[in-house]
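One chain, subunit A, appears in both complexes that follow, with subunit B as partner in the first and subunit C in the second.
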Partner chain A sequence: MDQLLQHLLNATVLGGTYALLGIGLTLIFGIMRVVNFTHGELYAFGAYCMYLLVMLLNVNFFLAFFLAVALGAALGGAIEILLLNRLRGADIDTTMLVMIGAWIVMQNAEQLTWSGVALSVNSPFPADPLVLGPMSVSWNRIYVFAVAVVLIGATYYFVNRTRLGKAMRATFQDRDTAALMGIQIDRIHTATFALGSSLAAAAGALLGPVFVVTPTMGDLAASKAFAIVILGGLGNVVGATVGGFILAFAEEIGAGYISSGYRDAMGFVLIIFILLMRPTGLFAQKERIG
Partner chain B sequence: MKKIAVLAAAGLLAGSAFSGAVAQETIKIGVTQPLTGAFAASGNYVAQGAKIAEDEINKAGGVLGKQIQLIIEDNKSNPTEAVSTVEKLIQKDKVPVLIGAWSSTLTLAVMPKLDEYQVPMIVETSSSGKITTSGNPYIFRISPTSEMEAKAFQPLVAKMGIKKANFLYTNNDFGIGSGAEYSKMLKANGVEIGVMETMDPKATDFSAQLAKIKSTGGDTLFVTTAVEQLTLILKQAEEQQLKVKIVSCGGSNSPDQLIDQAGAAANGSYHTAFFPPWFPEVTKNPDVAKRYMDEWKKRGHNVGGLTEGFRGYDGVYVAVAAIKAAGKPDPEAIRKALWGVTVKGIYGDIHFTKQGPAGKESGQNVPVVYLVTIDNGKVVRTKF
Partner chain C sequence: MSRYLSFVLVAALASVPLWLHDFYVLHVLITTGIFIIAAMSLNLLLGFTGQLSLGHVAFFGIGAYTSALVSLGFEIHVLPDVTVGLAPKPVWFAMLAGIAVAGLTGYAIGKLSFRVRGAYFVIVSISFAEVVRLVAVNWVELTQGPMALNNIPALTLGIGPIELSFLRKPSFYLLVLAAMVVCYIIIVRLVTSRAGRAMIALRENESLAMSVGIDVTRYLVIATIVSAAMAGMAGALYTHYIRIVDPDIFLFIYTVTMVIMVITGGKGTLTGPLVGGAIFGILPEVLRAMAIRPEVQWIIYGVLMVLVVYFLPEGIVPAIKRSLAGWKRRPVDAL
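For the complex of A and B:
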């Protein structure tokens, strides 16, 4: 019983960060239909920003988080303007190849700049965990969970309730009609990519201090983010959130009671099962054509 | 017709003279290491150590009157890439001897190529038993096997008061081999084995495994993985209030980096080491160790990498000793010569004994294994 409680607590905290990774990608992959291989590198970028700001420049830990998110948005915007803007209307394969190239360049640039040695970021939280009866959880993870929940809520509100969010959804549903309605679609593309990227950077900036920062940290994060997006249904913020928690619970319970060696496989087995039942994902709207 | 034949003969002569001149310049040694990817940190340290040895040897006049030249290829921490690097080094660069490939999985991947092209390889890091027992006569390992490591640990079982042990190891040849050897040794010494948990080599969250280990009970946790995951395991074990002795196996644990990155969570943990730069005077050849350490520091390399870099350093010295004994840079002559060499290295007095099926034995060195403890942010030799 004690073990189960600890597993559930771990899964809840982990789910928050998975959800954050998922919604960042669902905006780009689901709404923009760009297979964004740089998502994991934006995640690593956020973590390296924290290292640079907190450990090398002695910036306040919480201020550094906001700066990392802003820098992530700026980098995402730059990628969109420099690479994707020129590929508007290109087929999905071309865009995919360019994004794979960008991913390789970014990962190797991280290694060139920071070397392959893992770096760690000190957090201002007490080292002793919060103990709740038989369970315990670190203060840093509680902070990560709280910020993730706030960001998920803010993104949901932004996409579904604001004018800009509405313009985004309109652009990706029907670009030509949106343009005719006076929406500046180039700006919408850049803004969406920057927003999605800033969420990936936020996830990295939150988890960098929990884990260690390495040039390859983005690979696993990206593969999980893609799984979450597909599970939740492309372009659906609620779907990505629920998908993130489902993946976390499947991994945690699967590793705890079935086999830890297949921890990462557990989540994917569950995803295959769900997709067999609901091929468009849990929350996808009916596919729009045209 | 005659004129053409003369020209052709002249061309052939010129050609052979030219290739002879090139061969005279240097003797090449191929190195395959993970310079990028998951094991990039360690692979770069090994390459840095190898380069120190290369420069020392060349400054002292090289071997067989020629300078040596390391050709270092990046296997990208990926077994498929590792095979490509070995193909390239043998086919294109024509190296007569190789050093590599850091992780057990990478080494096992390239072994069939050594058999195919009949070129010997000095294995500087990998610990999986399979490497020297599978009947590949081109393998000469200077690093200890997991079995040797477990055996070296045996006297400490009673001293540490281990009654029930749990395991957490990375799900690859290195981790699985180490888990099997240590659990076998512990069982033979009357220790109860709780759970044997595994983790993906790329995983960063071990909360599920640690919760399970905590609920199983036990006094000691044996962990086998490289330093990155070990850092996280120490931190997360503290977060989950897992109050057991943690022993890290495998020797790729860089205690200096753990102190730096895991902070207080590293205190009280035990680590196997194959070279202890904190007290080099206890090694078999302290003068060699000191020379290597001085040069490492002079070059401004990360001191946390000293425990990996020496593997490349020793590897190059062993390769050169074999080339010298063989009298020519020829793969088969070097393979035969490797059986006879003794090299005063940091791994000790390196020489090879036979392991594996008769007629196809691999060479295996028997190095010393040290156990160290992190005590208040300092690495000390474990004392009882």
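For the complex of A and C:
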């Protein structure tokens, strides 16, 4: 029982960052219809920014986080303007291929710049964990969870309550009508991609100091983000949040009670299972067939 | 390609071991040929049915692992006191088993994943490949996990008193060439048949194809089975050539290599994967000879992929065809 409680606590903490990753991807996916293969690399980019700023340039840990998020948004915006702007109206496979190309370039550029060695980022939190009865959790993870929750809340607010968020949702619902209403679709796309990228970079900047930073860290993050998006449904922010927590629980319970070797397989098994049981997804609102 | 030209080309390729004695070059040609088979099989799905399967390497790896395991024999504990085992079988039988198992997996995956389309299908196919990789890593009793299966026997065929061995490179090269020709013929026959026309129809407009009575899922599954079996064959050839197989065979980057080959050559064309496969089979060796680091090589790949999508969206083969057609027409225009 104590073990189960510990697993549930771990899953909750992990679920926050998963939700962050999933929301970023689902926004890009839903609004732009772009399968963003660079999402994992932006996650890795956030983590490398933390390493560069905290370990090499001695920037304050918390300030470095904000800078990493801002740089992630800038990089995302740049990718959108450079690569995707001219592919407006191209079919989903074409943009996917371009994104795969960009993903390969980014990952190998990281490998070239930082070499394959795993790097660690020191955090200012005490090493002793917080003990809650039979459970314990490190302070760093509490910080990660708290920031993730704040960012998820801020994204909700932004998407649902602000003018730009409304324009994004309008674009998602009907691109042509939105354009006729005077929404500048190009700008919405750049903003969406930048927002999604900044969330990925935030997740990386949060988890980099918890784990280690490696050039291939993005692959696993991207595959998990894809699983979350499938779980939650295309462009569905609530779905992605719930999906993030479901995935975290499935992984944590699976690793604890089935086999830790298959931890990372849980998300994929979940996807396949859901498609067998409910091809429309857990939170399907609209069409699912592309 | 005209039939005459194809015969000349195959004959020319078949003569290579007679005059080329550099085993390194032969090795590059063999691995290129194996990847061309894999690319051709991917093209059947990607080019002719329009489904971007990014889990294709799973079929390649399943073919490789099945063939290796059947030829080596294995024993696994299903329950603590129940074991299931298989004595080592001849390599030709193992390769057929690899093809069959890959094809069956293709059937199961096709049935399952064609419930969704577009981006969802792509992600499901990636997930499938990743699950298979993780099984290969973790099911150590069967696959030896990261320790790899090694000492995989080479193919030998005994026909009466004659013993054919495919241990040495020249003979294996001819085997790969023969396999390529067989796959090419199967694909030509398939895509020019009724089933092939159904596939192209559903690629162009799925709703319209459905409305004229084409059972879309059925033809997609047929294409997946053929494609998976062919990829499995490429994997089986690969495993008995390299004679070691580890879970890295399932890495996503191999799927990406196949996709680049198909897209660059021209998806949905018969010769596109051959051209793209030859370019991207030989390019890594050229880049390595130029002492370029693997990371830079991959960056070049990525950039090339983006450039091809921007500037040659249909691929090299259709572009050449069009410019040839233009060149033939030009004298008429001048009049």
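Throughout what follows, the second predicted complex is superposed on the first by the 285 of 290 C-alpha atoms of A that agree within 3 Å, B and C clash if a C-alpha of one lies under 4 Å from a C-alpha of the other, contacts with A are read in each partner's own complex, and residues count from 1 in each chain.
Following the convention adopted for this analysis, contacts are C-beta pairs under 8 Å (C-beta built on N, C-alpha and C of every residue); 3 or more make two chains touch, one makes a residue touch a chain.
What you are looking at is a predicted structure, and each value in this text was computed from that prediction instead of being measured.
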**OP:** Assess the superposed three-chain arrangement around subunit A: do subunit B and subunit C clash, or do they fit?
**Re:** clash
**OP:** With the two complexes superposed on chain A, say which partner A:Ala109 touches: subunit B (first), subunit C (second), both, or neither.
**Re:** second
Subject >> Touched partner set for A:Val98, first subunit B, second subunit C, both or neither >> reply: second
**OP:** Scan A:Val117 for contacts with subunit B and subunit C and give back first, second, both or neither.
**Re:** first
Original post:
After superposition on the shared chain, which partner residues are touched by A:Arg141: those of subunit B (first), subunit C (second), both, or neither?
Top reply: first
Original post:
What is the contact status of A:Leu14 with respect to subunit B (first) and subunit C (second): first, second, both, or neither?
Top reply: first
**OP:** Give one of first, second, both or neither to describe whether A:Asp186 is in contact with subunit B, with subunit C, with both, or with none.
**Re:** neither
Subject >> First, second, both or neither for A:Asp219, with subunit B first and subunit C second >> reply: both
Subject >> Residues on subunit A lying within both footprints (that of subunit B and that of subunit C) >> reply: 108, 111, 219, 259, 261, 264
Subject >> List of subunit A residues in touch with subunit C within their complex >> reply: 29, 33, 35, 83, 86, 92-94, 96-98, 100-105, 107-109, 111-112, 219, 223, 226-227, 229-230, 234, 259, 261-262, 264-265, 267-269, 271-272, 275-276, 279, 288-290
Subject >> Of all residues in subunit B, those that touch subunit A in their complex >> reply: 35-41, 43-44, 171, 197-200, 202-205, 207-209, 211-212, 214-215, 227-228, 231-232, 238-241, 257, 260-265, 302, 304-305
**OP:** Please give the residue numbers of subunit A that touch subunit B in the complex, ascending.
**Re:** 2-3, 6-7, 10, 14, 108, 111, 115-120, 122, 127, 129, 131, 136-138, 141, 211-212, 214-217, 219-220, 251-256, 259-261, 263-264
Original post:
Within the complex, which stretch of subunit C touches subunit A?
Top reply: 50, 52, 112-113, 115-124, 126-128, 130-131, 134-135, 137-138, 252, 256, 259, 263, 293, 295-296, 298-299, 301-306, 309-310, 313
